[in-house]
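Below are two complexes that have chain A in common, paired first with chain B and then with chain C.
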Partner chain A sequence: MRTAIALMAGLLLASTFGLDTSGGFSSRAGETWDEVATKPGEPDSQPASQPASQPTTEPSSQPSTQSAESQPTSQAASEPASQPAEPEDLYFALVGGIIHPVSGSDLRGATILSKNGRIIEIGHRVEIPEDAERLDVKGFHVYPGLIACEGRGIVGSNPPEDSTNVFGTILRLANAGGITTVFTRSNSAKASYGNIENIPLRSDLFESIRVNSPQKKRELREKLEQARDYLRQMEIFTRAKAEGDEDAKKPDDPKGLEQAMKLIKKERTAYVSANQKQELIFLADLASEFGIEIVIYGAQEGWSVADRLGRAGIKAIVVPRRQSGSDPRLNQPTGNNIENASILYEHGVAIAITTRGSGISLVGLAGADMQHIPMEAAFAVRGGLPESAAIEAITLGAARILGIDDRVGSIEVGKDADFIVTDGLLLDFYTSVQWTIVNGDVVYNKEDESLFAHIRPRTPTTQPATYKFWPRPFKHQPPPEPGAATRRP
Partner chain B sequence: MSLTRETIENLLRRSTMLAVVVALGASATVRAGASDDRYVVIKTKKAITISGEEIDDAKIVIVGGKIEAVGKNVDYPSDSRVIDASHLVAMPGMINPRTMIGLKLPRQRGNSSHKLVRDDYEPPEDETYQDLLEAGYTLLGVIPNGDGLPGQSLVVSTHGAKANEGVRDEGLVRISFRNPAREKKLLRDALKAAAEELKKEKEAASKPAEKPKADATKGDGGKSTSQPASQPTSQPAKDKKADEKPKKPEKPKIKPELEMLVKLLKKEKNVLAQIEIRRASDVLHLMGVVEDYEFERVYALDSSNYDDFHNVIDHELLGGADALVLMNPILPRMPLTVNPYNLARELSDAGCAIAFMPMGNNVRSHESTRERVSLLVRAGLKREIALKAITINAARYLGLEKDYGSIEKDKKADIVLFDGDPLDPFAKVQMVVVGGDVVFDRKKKGHR
Partner chain C sequence: MNRLFATLIVFAICFVGNFAKANDVPAHRFAIEAGKILTMDDADTIINNGILLVSDGKIEAIGKQGDIAIPDGYEVVDHRTGWLVPGLVDCHNHIAGSLSDLNDGVYLTNPGLRTLDTVEPRNENLENALSGGVTTVLLIPGSGNNMSGFGTITKTFGNDVDAMVMRSPGSLKIAQAGNPERYWYRVGRRFMNWNLRQTLTKAQKYHDDWADYEKGATPDDPGYDIVWNDLRGLFDGQFPVSVHTQIYQVYMSTITMLRDHFGLDVVTDHSTFDSYKLAPLIKERNMYAIVGPRQFHFDRYDRTINGCAARFAEQGVTRLGINTDAPVIAQEDLAYQATMACWYGWNDHYAAIKGLTRIPAESLGVIDRVGSLEAGKDADFGLWTGSPVDPRSVCNMTMVDGHVAYDKQVKRRTR
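Entry: the complex of A and B
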């Protein structure tokens, strides 16, 4: 319940802010967030009014620190419904970082203040409450948490809130890799080490379809046609009924067309794994013909038909480092291409980038697994994608494709407080994640993680830091030169 | 004492047992002539009583299968039968509260908490029991096989039918929480349904005025725990039915699989939930299900590596509630390292009571348990806690701490005698005495 109210409030805020933040952001580069927020004439959109109004709307029968889904509707007989204590507001302030909000231009040395896991204020003159948890990140870069598309084994599936192993090493390594949100099959969920509250994000967006054989393509098309015809006849019937035509005949109830109807009504988005050119052309045609929304996972040969995909409004989750040879039977360019993401982007295809390995590999920490999403995005940059587009493809762009951009993907007032703090620009191979924050909780700190603490340690001291459980003898390395990690201008 | 029906039965049973044992070639382990009211005295080098301190040169007086007295200078009749174990160290029989030895049941799924292991249990071959006795184990808790709420555990003695009298066979509800994705919903729904049944029952009870009185008698009857669990609750219920049948014929009927959960929520005596968890995050998931209910529960950590349990040692279900935790006697390692940490010690420091179970269902793992426990003691676990963990706390996991698990007055005389300290890996079980009978004697066994 609390989550729902906060979400609604967040949406309201986001919508009232919408014009200011996205439209006029760059033109007001000199102004800070709090100045925008406290502009006279917009008293309603003031974030400061939010804390005051929130507790009053909360139902009084809610016990403290419980999520709505974990509470049985009938209380145990022994416990009378007494007046519970008002849940305490938890503030978290991230102070002094170089903020890359993705949705707008960068802010140097600004402060992000969040309350109960939601961002309430961003700016240079933010008043931090006394009881706020404070993390000073002066000189570090702050990005929104990364989104791992098709990440398997990080959070549980079906449903994630009931099956996630929140103390698993995999989840910790995911947070270490900057991941705060995971999309698996049809569920989007938060990846937050040690927390089982507020895990689910969205699970009602996608319908899986398959186009990997001629028969499946034919069946899919037939079903869509039948569903379209049925909906048309139904509309004719209702219109005739409304006009008083007694002879109007109701169309027969369709069978097995639920999925197709949902797609045509745009209640759901089709999710399909496809790489080959012929499949992509078929999907583009389908999208234009029936007006359905399609998200393609893979789209490896998309660069050869990017114009068609772009015109059909297809969205794609691409894997820049995945390889495949060209098809010798076709007298056409096929196969993988380093420019794939870039060409798709240029043709207006909404893209998200994900890694080749779909899980966290403990075996090698080899660099091709989910821990290295920024590396994958950097590879797309090498193929011509603008750096800002590459960062967007692993944060806000992915969130838009997954339909969760109202909660995650960028650093904006009203969104969830999911950040990563890095010691350099995100796509630089020198850069590592120093802190990960999910819902306003610090869930990862590089100095405490035995696997990574010794790699370019953050605090250059003569004695080893807290490597309590690291088996190797600690070898002190000279600290990097100031600015070495951020060589890029 | 005259020859009552009971003693005749006892004699008969004894003679059949004798026949079995003769067939095994160890006839001297049983003294057919001994009757229950005769005093038996075990002279020991040392008695580790668990409940109190360790007594040197202690004598343990047994009568009627129960311990009458223990101490350095205790009185006993001159015609008592004396078992001379003055070179041996006595300890209460070890208890394995969670095993599947001898279980040939199919796996149960969903909520089948009304099923009893008793109904389908086939005792293993006598040789297995003898081997378990030799390993020092006198009591086994046999859990039902399956996921979710597979049924109620059975407690058997490794010393045959006679020693099984008074050992419980119902009321131990196993809750397997190994796969929260499936079992979280199951358990939540089951508890909710049970709470609703309980509410209905209370409403029905509040209507007629006589009902509270009936409840009171029920509560009194439940006090004596030495009897089988069904005894006290069913007896007054029958009387009540006979009295009140014409008055109110409609009693709210409860589904059989919910009955046990309702009893659990009523906090009836003799009803205990044995909750099994596999990883640390299961504790958080479990918290979401059980936080609104109060009932008697014990926990088992059902896993072969405990590498993430350090995260939840102080959780309000475990350390915060001083819970009883049954675990394998192993030294887990911090994740991704070779550095061990002593989970048993950390848990007991946090306030939990620890019990240890053997690593597997085979005899070998029962034999190696003492050795593993001694390693934990070397790694910092207190010796007293380690000894409690294999005796009295293991009995607590079965709800039998009033009858088993220590050498003190009025407890069942299950006594194991070692030729050294029980936590010394070199020490062997030399003799096992159950109810005054020597049921295992290494000397008589010959080559072993």
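Entry: the complex of A and C
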């Protein structure tokens, strides 16, 4: 029943905001979001007095070029019988928690009010609309939802809204582990149990490059050089043309340089998996020389060249506890170091932290997969990273690297209502996630879900502490004296 | 000529000096001041603002700061902001030796093969183990064979095998179900149980015959047999049997066959999947359940995620330890395994640390030397910035036999 409501709510949301189910999150869609965000600023103190149909009018007030994309709106409009025509504003209030917004200082006992999945007000004197869904979390801690970088198998990747099993146990476990956003190398998507409409986030940021062989390095550099030359010549040509030079020769059309052009123009960010010092130095030089944006996944030996990475403005997604040994043949620092994250942080490299295993495993080898992202951040603290920076590296810092910090990563007015409510400080090993909220929908409630409900139950239960595994009272003979039973058959 | 001779002598002295055993070099005397000392002794003493004196590789004294004066000639280690924790003990390890000869798969049953022959001092994995505060491990053969030989209890630090090894045989390794089914052609659980029964029955008969002969109860010399002779210590209680056992019915046969029928001193390694359903039997027999490397079991029928250690603990099993099965879980992550056990519901922080130190040492029968901090015991401990179970804590220094085996300031290999 709850999921049905959630689905309906999601549909409503989709129809109100129109565009975002169509997959690619275009910049136009972004504008709409921003407008909706800025809207509620003034009048939301009396939300009941707002015209109920206001959000739907906003997308239609956009330029008409949009109509080709906004199919969900037209679909929703064509089904007036099944859906009530008046879309209601959905309010969600998280009341009384200890809020750690990551982007600012903590607020004790404050209220977060969100409308249609976006935060509209945070404070101690928030007026909560009567029809708002309320969740009282007094005494609990509220953090922004965690971002799982390089997550596999939690949401699908191609495209996520079509290839995700939204009723899968893995997705439930991801929400239970506090994950609300997953980055799968090609896409960023929401992890939202039972709700497809919440999923899409951003898919147009990264271009994958490879530097794991001398040949690939050479090819990459050549292409970037060609692209840079072409752009320069094109500029010379257009300038000459503008000055009336009829003899100006147009440069040849570039072939196979699409990726390089996007990188040079900074339309895209290069995404590369690299760990060795050699590769990292190469990438740092590349970033300095061509001015391209680079995100490195891995960067195990980054601690040995952190200053160069920092100067080149490299961003890194690191695994603090990679545990690859040093190479004894080389008389220089090699291999991973648990201080990697903190050394990179000290040198100004933007870092995100992710776990050693990508995805969530039910095999039972605990502690290495994405169920425990905060524990991985705790290992970065072991290596010297400040706790606040470690928390930032799994929330806002990661969102910045993935280019989705306009929507997720911190608790701020205008951002998506993605929170986790925990029963303790995030990096403590006795802390578990009690509620997970995505776009203002409660997608995980520890007490309602059998998976973890019995582990440190939230409310004192009347059940006996021990679990009854035996279907009947366990009666058997007392054990014989060791070895006495059948010596000398 | 004389000069050449003198040079040679100098070289020879250098040579001898370099290759001297770790325990031959006179250990420093240390006075370690710590903010909190977890002694892990019988009385569960915790000393705040404590001091610990080390001499000759042993703990000389332990007590409150101020109660014990620091004698002359002791190097003072100031660790007054951190914790002093006994060296961690892992009773399921494969990395103290060369990893290549884990499973000699010549026979399904190999009583007699010793890991003592494979111990490799100062290997990379042991250096990492020291950075995680692990000082004692039981190096056992792999689980590819039904009965795969004798393990070795060894320290993680020492320049040669003699300096490291505490006891050999440390235990007999038996693997019930699981891996032998994969390594061998058409070997199933029923056959393996039969195989163990007949092997151990023969060994037991040999032992009883010899015991009778030695007591003078019978004049007949039973005859010497190298295979069965190696297993005599098992029935004398000289060493326990480490059983690779997990899953309900396998765990049940471990308890009923090896413990009840043969009366062996059984340490159940792994104890994972749904083994915790047999916790009442473990509790009744006061057996040791050592959990790991899996730490949770997803029960598909009632859709719960059960912490293995947590389920044992809540049914009253107190002899509960943690192991890694290194390299399945890296040896330095031993403490993190306990963290995970706690996360999945073992809500007793102190018991978790006990399950890393005292409990495994007890289960192997080496509690007289390691596993707790008491006067007269080996000076094996880690200087942590906090609880070893908290992943945010760092082990700053590890001492083994009174030697600084790992110092973060010298070698920043904190992993």
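Observations on the model:
In this section, the second predicted complex is superposed on the first by the 377 of 489 C-alpha atoms of A that agree within 3 Å, B and C clash if a C-alpha of one lies under 4 Å from a C-alpha of the other, contacts with A are read in each partner's own complex, and residues count from 1 in each chain.
Simple rule for what comes next: a residue touches a chain if its C-beta (ideal position, glycine included) is under 8 Å from a C-beta of that chain, and two chains touch if they have at least 3 such contacts.
On a predicted model such as this, the values are computed, not experimentally measured, just so you know.
In the superposition on chain A, contact is made by A:Asn165 with chain B only, not with chain C. Set side by side, chain B and chain C differ in how many residues of chain A they touch, and the one touching more is C. Of the two partner chains placed by superposition, A:Gly348 touches none, neither chain B nor chain C. Contacts of A:Pro214 after superposition: neither chain B nor chain C is touched.
Of the two partner chains placed by superposition, chain B and chain C are both touched by A:Ser450. Look at A:Asn337: by the touch rule set out above, it reaches chain C but stays clear of chain B. Within chain A, the residues touching chain B in one complex and chain C in the other are 450-451, 469-470. Within the complex formed with chain B, the residues of chain A that make contact are 66-67, 70-79, 156-159, 162-169, 172, 194, 196, 450-451, 468-471. Residue ranges on chain A touching chain C, taken from their complex, read 321, 323, 325, 328, 336-339, 362-367, 372, 375, 378-379, 381-383, 387, 427-430, 432, 450-456, 465-467, 469-470, 474, 478-489.
Residues of chain C touching chain A in their complex: 124, 128, 201, 204-205, 208, 235, 259-264, 272-273, 276-277, 280-281, 284-285, 293-298, 302-305, 307-308, 310-311, 314-316, 328-330, 332-333, 336-337, 339-340, 342-345, 347, 349, 389-394, 412-415. Residues 179-181, 184-185, 188, 191-192, 195-196, 198-199, 202, 265, 279-281, 284-285, 288-289, 291-294, 308, 311-312, 334-339 of chain B touch chain A in their complex.
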